[in-house]
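For clarity, chains are labelled A, B, C, D, E, F, G and H in written order, and residue numbers in each chain start from 1.
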Amino acid sequence: MSNDVVFDFARADRIGLSEAVFCAGKSPQQIASILDAARERDAGLLLTRLDEHKLTALPATLKAAIDWCPTSRTAFFGPLPPISIAGKLGIVAAGTSDAPAAREAERTLRHAGVEATVIIDVGVAGLWRLMDRIEEIRRFPVVIAVAGMDAALASVLGGLYGGVLICVPTSVGYGAAEEGRTALNAMLASCASGLLVTNIDNGYGAASAALRILGTMGLP
Amino acid sequence: MSNDVVFDFARADRIGLSEAVFCAGKSPQQIASILDAARERDAGLLLTRLDEHKLTALPATLKAAIDWCPTSRTAFFGPLPPISIAGKLGIVAAGTSDAPAAREAERTLRHAGVEATVIIDVGVAGLWRLMDRIEEIRRFPVVIAVAGMDAALASVLGGLYGGVLICVPTSVGYGAAEEGRTALNAMLASCASGLLVTNIDNGYGAASAALRILGTMGLP
Amino acid sequence: MSNDVVFDFARADRIGLSEAVFCAGKSPQQIASILDAARERDAGLLLTRLDEHKLTALPATLKAAIDWCPTSRTAFFGPLPPISIAGKLGIVAAGTSDAPAAREAERTLRHAGVEATVIIDVGVAGLWRLMDRIEEIRRFPVVIAVAGMDAALASVLGGLYGGVLICVPTSVGYGAAEEGRTALNAMLASCASGLLVTNIDNGYGAASAALRILGTMGLP
Amino acid sequence: MSNDVVFDFARADRIGLSEAVFCAGKSPQQIASILDAARERDAGLLLTRLDEHKLTALPATLKAAIDWCPTSRTAFFGPLPPISIAGKLGIVAAGTSDAPAAREAERTLRHAGVEATVIIDVGVAGLWRLMDRIEEIRRFPVVIAVAGMDAALASVLGGLYGGVLICVPTSVGYGAAEEGRTALNAMLASCASGLLVTNIDNGYGAASAALRILGTMGLP
Amino acid sequence: MSNDVVFDFARADRIGLSEAVFCAGKSPQQIASILDAARERDAGLLLTRLDEHKLTALPATLKAAIDWCPTSRTAFFGPLPPISIAGKLGIVAAGTSDAPAAREAERTLRHAGVEATVIIDVGVAGLWRLMDRIEEIRRFPVVIAVAGMDAALASVLGGLYGGVLICVPTSVGYGAAEEGRTALNAMLASCASGLLVTNIDNGYGAASAALRILGTMGLP
Amino acid sequence: MSNDVVFDFARADRIGLSEAVFCAGKSPQQIASILDAARERDAGLLLTRLDEHKLTALPATLKAAIDWCPTSRTAFFGPLPPISIAGKLGIVAAGTSDAPAAREAERTLRHAGVEATVIIDVGVAGLWRLMDRIEEIRRFPVVIAVAGMDAALASVLGGLYGGVLICVPTSVGYGAAEEGRTALNAMLASCASGLLVTNIDNGYGAASAALRILGTMGLP
Amino acid sequence: MSNDVVFDFARADRIGLSEAVFCAGKSPQQIASILDAARERDAGLLLTRLDEHKLTALPATLKAAIDWCPTSRTAFFGPLPPISIAGKLGIVAAGTSDAPAAREAERTLRHAGVEATVIIDVGVAGLWRLMDRIEEIRRFPVVIAVAGMDAALASVLGGLYGGVLICVPTSVGYGAAEEGRTALNAMLASCASGLLVTNIDNGYGAASAALRILGTMGLP
Amino acid sequence: MSNDVVFDFARADRIGLSEAVFCAGKSPQQIASILDAARERDAGLLLTRLDEHKLTALPATLKAAIDWCPTSRTAFFGPLPPISIAGKLGIVAAGTSDAPAAREAERTLRHAGVEATVIIDVGVAGLWRLMDRIEEIRRFPVVIAVAGMDAALASVLGGLYGGVLICVPTSVGYGAAEEGRTALNAMLASCASGLLVTNIDNGYGAASAALRILGTMGLP
């Protein structure tokens, strides 16, 4: 494999989490090299941050084996494991614009055999929307909360829900939203206690953390 | 009057708001000069950010005419106008640590003859505390919301309450609270619309804005 | 409605303010879904941050029902209420480059039936321009001041005008203007008291706040 | 209870986590009020960020019921529950200066009946120190990693350990350490995936999150 | 001279400006060494940022030769040149709290034989105060404008006055004033053109620049 | 004149400086409106930040009257005054990449009838290049120093040259150059005294300040 | 040579390091001027940050003499010196995305006759990959470590390797990676001692520093 | 050893550099524990950032074995190795206020048996002071440059001197000096190439890096 590309196919054996291919800094050529190598091993792969124009630039034979989601810009390449865990994970997003990170988390979990329930547009500016779903949310042992701007959803959930709460700030908003730093800081400085936070827009990271947590529960 | 101190006693005539004495950057000598000048004109004065040690350093005759509040570090000097407006203003604070800014707003309003109702410790980490008081809050045409850290109270109130909402971020919190900048940015980038924001810890400014608004209602 | 889009048509009933469609993070497909849903309910809608290329990408039948303003990038979709309030709102902008936020405020108010007067290019570098209009400005109970760079217009107005002053910082300027943060901070730290501030470039938010204030005056 | 102090003794019933008394912004009088109220209910309390001089200023009868730890500045007041969970939690700190946050986490857990194992001074500048303990660390389903400066410990652990990893950045360091923001950002942007992060120096928050996770495992 | 102290007595010969002794980072012992060396050469010296407690710690014989100003914390040591230039420099400060920087500029000029006129408390929140003095201000070829918080004084002056305008931002204010950075940025991004800016609180630097300008006019 | 455009042709009469047309935030239509109005009054105009594509989009009859400089993106429209002052202004730039700001200053001065001498590529990394020209530089009563990255040129010149030194930081550099903020801060915090600073890349502002200074010298 | 371009061909004689042509802020015309001048002197040149579209825009005769590397965007123009030093320099990069800076360092060294060994994808999230190569790395007296995001590789290497360690932070990552500032700060605040740091993405600077070090060893 | 203190006496064996005791975050009790342990092993120790009041609080028997330097706040405890290397290291500081970091570097080197030459007060505002010493400086293969504020000394030296240049930014200065960040960024973004940078005020780190470099030269 050329192009300064090395891929760590052995990671799953070592710490139990597969590495995903983060496509943001890679050329279509570099991505194709990795996919070719995966095909040789019959390894399934998750690709994240795969823009449409890079997808289009891939060779047709590789593209044919790809299941791409435009909202999350994730792709499944090759064999997808069956669903082995369901009903444990809720993904709650404040608004439509937060869907990319929420869907990235959902797809990362799905690639690991975990089915999550996604609930979008329950931001606290319309608190009744959240309250309508709160009993459903409380049934999940682990919830991923996705929100940008003021990220108030995280704090409200933190007070209403006693399970594990993984918070993903998003870069949604403008001006004082500071490209997600305000949401990030608000989640970190939340008045609710015991919230856990990931990088901005990092749906993949939140899902990876959720997999670590499911592992401690004897799952999957 | 010496000590590089000039005080604008004519301001109230010009734009309808009295100037307060902001004591943070002034020496006890400078504060005493202003109080002496006020006494000569029989003018009542509001002092803000008056630390206890500066209060203690004032001449006894001036100190005797001062009504000082340790929480807000505000002082009334000389004649206090009677209450002419009541029941129009609610001041809602997320937690005990937000009391200084809330009380500064309350006392600034009181000095202008306006009685406000203060409700403390209704932060959204315990949403039930806010919901218990929401009907009472909704009765005020103008509400001042005071919160630090994630300032989620402002967004939740913004969705539950349709009147005028003046938001005061506070410097409460540590680390990612960034001395109040996170609360400030979260209020500015709130998912609820039509929120108005003041400087960090600026209870005096929020009260001044409320007085401008009461003026538009034919009050006081 | 698909595409992760949920729209809150019931908001106006709950807190008295209609939700607008913020188009910045939405695809033409998502915007079209919302417009289709609105048409089914005969609901009028305000769209903000609608770029020309997204407008162009909408289906012709929807586009025909849209009144689009290139300066503010706002659109009225469907029925527009008649003007029910006039002469209460002044919108004052420092320079030509501040027109987008000023016009966004004007159009948001117009969509709610409120006619505002817009005065542009009265920045304080040419103080005479502001002084020529100050008597006219003083007649409005509520003024929205729009300025970027140093935002000095807000402080000068704050000292000359005793009504409600809503300040909108803009991202106009370069270098030390810091994409609007300098204007924002200058308005928050103004030497004039009782100024109220919104997010950068947030003409929509300023208008929403003005509607909350008009509501307290028994209007609209 | 006066002094603008309201304490939420009912929180544990609602979301399963007791509220702690965060003493940083409170006066000794306010702290004493809360302790008196707790004593009336026979409630045990955890106090965090209790400086020695505030401890000293408390009434002797209250002080007698306090078990104070100088490193973490936490205090147990009143009845302490027995240990109900052990062997599930490891707390790993990079250096001696990180001990305050590590001990705050340990004591918060202990107050909830959970015994944690603390391992200090395994920073990666001396990688052998970490490697000597890694097998022991791997036995815990949940690990809290505490580090300041470059926070490299978190990334290295993230690659060596597959369980749940809660990362606490600390304000240890100077200059480019930026009072903990560098450690915070490095943990959020870690090359290892699935790390979860709390606010700077927030050992209490990390422990609260760990309690949420233990709850999902059917513990405690 | 010991204590790692070297003083450049030859500077005035080389570029025409005397070096001042910046006392902020120096111990009383280091300051005394410099004063002793100056006395041996019969050189007069300007000292800046000399705190009262350092002044008090100097040997009595040195202290006797010092003329100290508590507002500006400047000191004249030894011979003071006569006034050779007057009526060329105006120093205009927005408020009482800006007096330290304004007086530092005035004293630095005085030490170089230039008499300046200081006008304090003409901030634009009370525009009439500035307008009352504007004709007087316009008579100076060079004006130093000193302001903190929003620094709007600089922009207003920039539009009313056509001479040389040197702007000194001050650290006056709190919260969004960001310790003078907001004033600094506002002056740099001013809507008025041709403003020149110095470091925060740098009255000495503004005076030094004014001396460079007077030099180009054939003065002093 | 439509398009929210108002131009202040009377400014020169009031403070002695013509206003330039800052094109960065204006559409070709808005620029054309201003040029048409200028043509009607026979007024010459300076345009700054005029990109090539906006120039190309102007009507041919206007374009024909424009003298455009690609390095500085400035344009002279209509009559250009003769040179009335020469030999007073030096413009010194550290490197080739700083030429845009240097040429913007030169052209702004030329539009006001002042001829400046431009010296490029004398950055201090090759100190000999500066030393070769220092005697020539010293002959100018006013020097504009243009530099990005570390801006060390400003400090070195400040120590070698005793005249008026106007410093223009540029956005040249990457990473730690922070888009010109490092150069800006380094100039403000210079170890040389009496330096005056403008906004980042603001050659126009430096020239305007120079015109104010020339005015004090009885020029132009 | 026109176009405001001056090139310092004499630099190598003065301090022993050739100047490279930094192409980021230069037009193809300016680059061509420099190359023409170099050709006249038979001088070889290194070009950095040369984008493909600028390369394409160069005259064919110049392009023919260019050896361009797409990963590092560096180019060798004209004669390349033979390799005079080998086996002294290791370049270690954390991941594929760090290759541009690593290759820029390698090519800069090669242009000076130094052959370096490049080892990519040894980030500490997979510590075993680094440990597999550590003995090889230890053989180099000087190592350049290239890493973005959390830059933990630098700290781990700093503890395992006792030679000279030059650290290059990269802008790889998103959100809290803050365009390389987190990696930069983490390297500066490393828990390992004696690390030396360059600007973000500055492979050229790291190689230049390495050449200074090789010079002190009597090399090259 | 108690008090959460672990000291790595084996470090020198592993990577060839002794660990120093960084006293900033440690109590006198913790420091005393480490010194007691060192005494038992007859190990000499370097202590950094040891404030006078902590020194005073140590037990008399330990204090008697300490050689403390008030400028650098470093201490030698126990046996000091003889000087084995001299004439290789120059330490050049811009001003008196930079002496603490310069002396910390000097003392760290001395503790490792290396004698350095310290040259203070050669800042570029008085370029002649540097030029007077430049021949002497050029004789050292390695130079540590220490400067705050604008850090222009580093860039000038970088152009005049071809050896290894280690740059230490200091927190000297105020306002735009941003507690050393401006000096740090200016050094990183220097127009001179091949400069290497450490954390702010990190004289110890610069010396450690110098020791790594001396090691590559076959020294010590």
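Quick notes on this one:
Going forward, a residue touches a chain if its C-beta (ideal position, glycine included) is under 8 Å from a C-beta of that chain, and two chains touch if they have at least 3 such contacts.
Predicted model only: the values in this text are computed from it and were never measured.
The set of chains in contact with chain D as well as chain F comprises G, H. Summary of the copy comparison: rotating chain C onto chain F for the best CA superposition needs 90 degrees, to the nearest 5. Equivalent interface to D-G within the set C-F, A-G or A-B: A-B (over half of contact pairs identical by residue number). Chain C and chain G have Cα centroids separated by 49 Å. Once the centre of each chain is set as its mean CA position, chain E and chain H turn out to be 35 Å apart. Listed for chain B are residues 126, 159-160, 174-177, 184, 188-189, 193, 199-200, 202, each touching two or more other chains. Every pair of chains meeting the contact definition is listed here: A-B, A-C, A-D, A-G, B-C, B-D, B-E, C-E, C-F, D-G, D-H, E-F, E-H, F-G, F-H, G-H.
Partner chain G is touched in their complex by these residues of chain F: 71, 96-97, 99, 103, 120-121, 126, 128-129, 172, 174-177. Those residues of chain C whose C-beta lies close enough to touch chain E in the complex are 94-95, 123-127, 149-152, 154-156, 158-160, 173-178, 181-182, 184-193.
Against chain F, in their complex, chain E makes its touches with residues 15-17, 19-20, 141-142, 159-166, 184, 188-189, 193-200, 202, 204-205, 208-209, 211-213, 215-217. The touching residues of chain E, when paired with chain H in their complex, are 3-6, 8, 11, 14, 24-26, 30, 169, 171, 180, 184, 199-202.
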